[in-house]
Amino acid sequence: MGCNGSTLLSTRRAHVIDATIAIAPYASLAARFRAVRCRTLDLVAPLTPEDMMVQSCPEASPVKWHLAHTSWFFESFILREFLPGYKVFHPDFAWLFNSYYQTFAAFPEKRLRSSFSRPALDEILQYRAHVDEAIDRLLDTGSGPAPEALARIELGVHHEEQHQELILTDILHAFFTNPLRPAYKPAAHQPAPESVEPIQLIPHQGGLHEIGHKGAGFCFDNELPRHRVWLEPYALAQRLVTCAEFAEFIADGGYRRPELWLSDGWNAVQELKWRAPLYWDGNGNGASGTSEWSVFTLSGAMSFDQVANSPVSHISHYEADAYAHWAGHRLPTEFEWEAAEATSVCGNLPENLRAQSPAKLVQDHDAAKRWEWTASAYLPYTGFRPLPGSLGEYNGKFMSGQMVLRGGSCCTPPGHIRPSYRNFFAPATRWQFSGIRLAGRCE
Amino acid sequence: MGCNGSTLLSTRRAHVIDATIAIAPYASLAARFRAVRCRTLDLVAPLTPEDMMVQSCPEASPVKWHLAHTSWFFESFILREFLPGYKVFHPDFAWLFNSYYQTFAAFPEKRLRSSFSRPALDEILQYRAHVDEAIDRLLDTGSGPAPEALARIELGVHHEEQHQELILTDILHAFFTNPLRPAYKPAAHQPAPESVEPIQLIPHQGGLHEIGHKGAGFCFDNELPRHRVWLEPYALAQRLVTCAEFAEFIADGGYRRPELWLSDGWNAVQELKWRAPLYWDGNGNGASGTSEWSVFTLSGAMSFDQVANSPVSHISHYEADAYAHWAGHRLPTEFEWEAAEATSVCGNLPENLRAQSPAKLVQDHDAAKRWEWTASAYLPYTGFRPLPGSLGEYNGKFMSGQMVLRGGSCCTPPGHIRPSYRNFFAPATRWQFSGIRLAGRCE
Amino acid sequence: MGCNGSTLLSTRRAHVIDATIAIAPYASLAARFRAVRCRTLDLVAPLTPEDMMVQSCPEASPVKWHLAHTSWFFESFILREFLPGYKVFHPDFAWLFNSYYQTFAAFPEKRLRSSFSRPALDEILQYRAHVDEAIDRLLDTGSGPAPEALARIELGVHHEEQHQELILTDILHAFFTNPLRPAYKPAAHQPAPESVEPIQLIPHQGGLHEIGHKGAGFCFDNELPRHRVWLEPYALAQRLVTCAEFAEFIADGGYRRPELWLSDGWNAVQELKWRAPLYWDGNGNGASGTSEWSVFTLSGAMSFDQVANSPVSHISHYEADAYAHWAGHRLPTEFEWEAAEATSVCGNLPENLRAQSPAKLVQDHDAAKRWEWTASAYLPYTGFRPLPGSLGEYNGKFMSGQMVLRGGSCCTPPGHIRPSYRNFFAPATRWQFSGIRLAGRCE
Amino acid sequence: MGCNGSTLLSTRRAHVIDATIAIAPYASLAARFRAVRCRTLDLVAPLTPEDMMVQSCPEASPVKWHLAHTSWFFESFILREFLPGYKVFHPDFAWLFNSYYQTFAAFPEKRLRSSFSRPALDEILQYRAHVDEAIDRLLDTGSGPAPEALARIELGVHHEEQHQELILTDILHAFFTNPLRPAYKPAAHQPAPESVEPIQLIPHQGGLHEIGHKGAGFCFDNELPRHRVWLEPYALAQRLVTCAEFAEFIADGGYRRPELWLSDGWNAVQELKWRAPLYWDGNGNGASGTSEWSVFTLSGAMSFDQVANSPVSHISHYEADAYAHWAGHRLPTEFEWEAAEATSVCGNLPENLRAQSPAKLVQDHDAAKRWEWTASAYLPYTGFRPLPGSLGEYNGKFMSGQMVLRGGSCCTPPGHIRPSYRNFFAPATRWQFSGIRLAGRCE
């Protein structure tokens, strides 16, 4: 298997790549496996072994743990079971890099991951190569591997893509926690948009809609079964709320007015002393009202002008909900969101707005994407069946206390997103690239 | 206004009443107001002023605070606004007995309520009488009070009924916390049922259903608007899970098997060291497998035999979900629950089971009722509008992080429950009279 | 046994006594026992049963618990062992009212004491009468009780006096926590002193001193053995630091300057947001610099003028130490304090200052007394032997993590204090009547 | 300046040195400076850059932080002030690597040190070289640096030695936290002693003793002023308590018997679930009573047999005190410990015991040394004056809430210890190489 991973060790610190480089559609699962595994190494190329040790908040893991755990997934659920004669790389890794699969093996407390200086990064890279080689072998067998093995390899590929996004999310937090505030990559040279269209809520007709994954392609178990949901007419904004718009909410006392907040949200504001999105520094008291904010990104600290017209990011569900309340609107349900592509648009809309359904946007990969908090709790679809065996713990057991996010972010790997994709986080979570799309009545 | 409240002070400790005495349907709001206010005093008759000081867990309030706060509600939202010339009983009570209405007035931290030895209980009883007299006066005005005033008095009556239930819930916890374990009332003389019918899941056809309050009667804002929901066919158990059945779950390692639990639930089991429902003492290691449990109730500690065939109570949503999982079923959604009355039953069912829909049961008041955890998160119905003004904080701001319970319990006042009634608590809550009704596929 | 306790129930709320009334020297232990037991009831006379339920901070206990526990002490350590045929009042009280004697019986967690609405206050008063009668009987036996019984009764009397002081300390905190801020007693009519003498540090010669209790009178085990300590010359202030002087420290940024504080103290300032002594409200930003403070006392809230020249009270060891540092001095060791009476004063001092040793002041009971934080950790004297049996837990096991206070306060019962008396609290403790006496070099 | 540090980068992982290699006495401060700086690099040679990122408990810091902070000390307190034209290595390092000197500069929260992946280890090694070169230059100036500069360099050398010890203490905890339990160095080949002499308490006469540093050599400010202390006769054990002896305490229920413990200690046992010293694994239930313990060391996990006759290590003050209580003895005060060398031994002692005073042992560097918990709180000596300026924060502000340890451990650099040396930690601290020397009455 050839990818620039083989040269990672010598060149790791030498160049900084564009983390968002697109992957072309592949002819085969094997090609897709190789491409995704290589892309992970590309993503960590700007990082030192020391960077990969940092675990700066309970949500995050050290990057080197992500490198190991994604390999553990292939070894534990595919190679051990389906590759005859497979030799495990290291007997302790079965439990050491288990994340949370209680029925598979024991696992260390999550907070201990920051103590894993051993195995060394070099050894973890060898582990990756060992696993890559074995998967290649499994895929090259004459009659091909069992269909279940193929399905799990595909799951493993999507699993790795999820961790690619987490690597970026976690390293942003790690670098923000470092008082020196290093940057993961150089700033893009393209200028920020000087203005944006005003927000318009595009009306959608309701009715009985099918929700959930459709067709033969891959999806996670939580996107099934496809089932019917009744929707009343509703409206969805054609774009996300920008930083400049969110700054108006702050300037209007947004973080000081309990009547705008859910009760749990107001408690979070008080206890955690929130006064702006997670990576905003400063006080917003500039002459222009907002110009003294500075916003930390993967390219380091940005002046507010540079991000003013970008979608606000790194806010909790509570902040999204309070903003929507303040703006006189609400958040969409995940069903409204998913159905938007399929619903008829009511009334006469300008041509450029007619196509603006969220589901149409999810194929686009650009810096302006954010995970969109919905008003839906993360719950099983009626008739939900988790995957059999330990993989049943992948999604199902987290269906409590979390809210659904839809759409994807600038850090989501290209090709990873579907209209039926359900992301989920606890409502106080702010370390994600999460933003706001407003919804409202169809008027 | 005449009720036995006037003799409360002298007779308070002398007799123990049946807290579940029924209230006949009244001809008028005035009569209903009086009856409910009197019933509150009846409920606290077995308690001493010292008992009414105890606040034994974060969910609970001291009983005397409930007595004051329910009066504060009438004073703050009705008398101040609608009774010309009304003199407030005490100027500080406006904030002292405010629970959580941020837009109405400041309020003390909830945990401070246990320091309210002053105002004395006697003064709070005078406060009640002062408010009662003023509401009487308002209701007696020639042309009658404004419709908004009437609507708020009705809301206040339902509000007081909610606190009647909390008084019993809180005093049970208070007496359980007291190492001497006193009883609130004598044990009933009626013997516990010697056996129960096996659980049967009764099938219901799905389709498009109307959900939410219907008609002219009272409801809370969170039961509106009535709206359509699509349901797939489903099945509902004809009765709740009993203590004996729950003891089998425990004996089968229910609290030691992570695969049965939601992730948050398993964390709660570990951190809070749950090994049985809240008020179960002992170890369940009797010769019969369960006979060594003892269960604390409002009538003091009961042997397990006495409660074995009663519905299990005081369990969290997590425990309800894990039990359902263990039993091979699931919890119903709140929509399945509410629609059960209106759905056609599929197949040939014995006559005695045909009528067993939860919504038909809610009028029955008996010792076997428990709030029924559903699989639904507490969220706004599409088109939800909170009440205007401060009363908008009554329900809406709590629509986050909680699960819906349906049905009512043995401590819910008679006449307080509706098929559309939505109770809600955080999923780890165990101090409520909460139980399990199983649901499943329609087969 | 006749004391006004017999009429407590009917008159409890009717009058407010002076908590500091002096007790004349008694001819016998029996008389002293009776007087002390009566005085406890006098102290609680202004309180309602509801007041006696409040436990407003981890340091405090409900007053009714103090009433029961002090009786438990006599029952557990004297009557059970030395009065033949003694019938315990209630079998559960042996563990219910045990405070911390691990080797005597189990005991409930301290925080549960606020759930003890049962036994009712009335029952606890009967318990007191039961115990009083039995001790009377024991003391009246022909040949007199065993010397060990007499010694333990004397210990019980001193134990009860300690709890008398705690009753006042705890009720002050309870009433401060109550948002209505009730007063325990009316304010004294005597005007506050209009001015005080400047602080002067009186020099003492050092040398080899005997420290610890001397003579035949009662003392606690922690005051023994009397042993020698070498002191270098030192100086002690002739009076305590006043509120006005402490306000200067605040105005000079005392709570904002880390260089003045011990490291643990500075952490406490940050975490607990200290900015003034415990019972000071307001902001100290009056025109006069200090006049906007208000200070809560057993007589309710006082304007700063009323307390400006009284000793500052309710400060932690950390605050005392920081003040001393700011003032260019230090706190005295407990040995310097105790030896002050015995040391020669160096130099020519005015007559009125020559007698001002702390040990001479401890017999005076007045409103200006405060426990005086020393620079000494609470550790065993060399050769310390705890009392035998369970009573060995009285003092010894607390000799870790605490600082010694000397002298007594306005709430210490008259006759309870000795020059060798060692009080002790953790250095962050502020709910005590604790103040500052400065020490320094002998120059 | 030549030391093997110059080759550190290439050889870091190649060899494992003996961390306890002795440093010969040097002719000059310059030579001593160089030797100590080189020894630090030798100590970290077995570690990878990833190892140096781990911060596994609140007491610990990452090793790379120690490397930077010790250089920061020389830069901040010596080079900036005394070397004309000195260029700081990096302007941010002044606050980034400040530990706790409030009056010098701001500093990051201690827990953030684990996020310092940047500056990279390489940059920190360059920082060390930059500082080393500058100190060399300062020392080489014609007339020599100012006496104050020389005094501070000497302080910096001792400061670095303290951090050398912390590096070993912290890496042991880091490797214990790592589930793979790597070893820092290979096990010594010398066999453990097969037996030890029984403990004997050697009597010492009391009297007036001088305590504190004496003479012209270096000492910390907390060892001064030398002052007189009166001691009663006492006795001190001739050796430390061994692991085998401590295992007897465990087998006798030591961790289950509250009567043996200080109250705070018993609380720690309950809350932290202590049942053996920090690095003991297993259950001690072997046939031999103790053989199933395994003890983690810098050389990895050892069977109990290998350490049975070594001094017990990594215990808290509470455990030391409970053991002494169980053994019928007590811990010595720091004054008894320090005076032991100077006191006359009473009675007829065998020759081999006559010389066994702790102060005589402190020059010996061997694997059997442990810091010895004393019964003394860490408090200022009478007349204590902290160093002027920011260096006054070095010791003085920690004189609260900690206990003194005397003697040194197997990880203390050779030549670093004095009879008057006062180490100090909070009584619950277990991550240090801390042990027990018993004391008692002189009989």
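Which chain is which? They are A, B, C and D, in the order written, and residues in each are numbered from 1.
Keep this in mind: a contact is a pair of C-beta atoms (placed from the backbone, for glycine too) under 8 Å apart; a residue touches a chain by one contact, two chains touch by 3 or more.
All values reported here derive from a predicted model rather than from experimental measurement.
**Q** Keeping to the contact definition above, tell me which chains border both chain B and chain C.
**A** Per touch definition, common to chain B and chain C: zero chains.
**Q** Would you mind naming the chains that touch chain C and likewise touch chain D?
**A** In this structure, no chain contacts chain D and also chain C.
**Q** Chain A to chain D: how many Å between their CA centres?
**A** That gives a centre separation of 46 Å.
**Q** How many angstrom lie between the centres of chain A and chain B, each centre taken as the mean Cα position?
**A** 39
**Q** Roughly how far is chain A from chain C, going centre to centre by Cα mean, in whole Å?
**A** A distance of 59 Å separates the two centres.
**Q** On chain D, where are the residues touching two or more other chains?
**A** none
**Q** Indicate which of the five shapes (line, ring, star, complete, other) describes how the chains touch one another.
**A** Shape = ring; chains linked end to end, path closes on itself.
**Q** In the complex formed with chain B, which residues of chain A make contact?
**A** So the residues of chain A touching chain B come out as 100, 102-103, 208, 227-232, 234, 258-259, 261-266, 317-318, 321, 333, 375-377, 379-380, 382-383, 393, 397-401, 427, 441.
**Q** Spell out the part of chain D that touches chain A in their complex, as residue ranges.
**A** 48-56, 64, 92, 95-96, 108, 112, 114-121, 174, 177-180, 182
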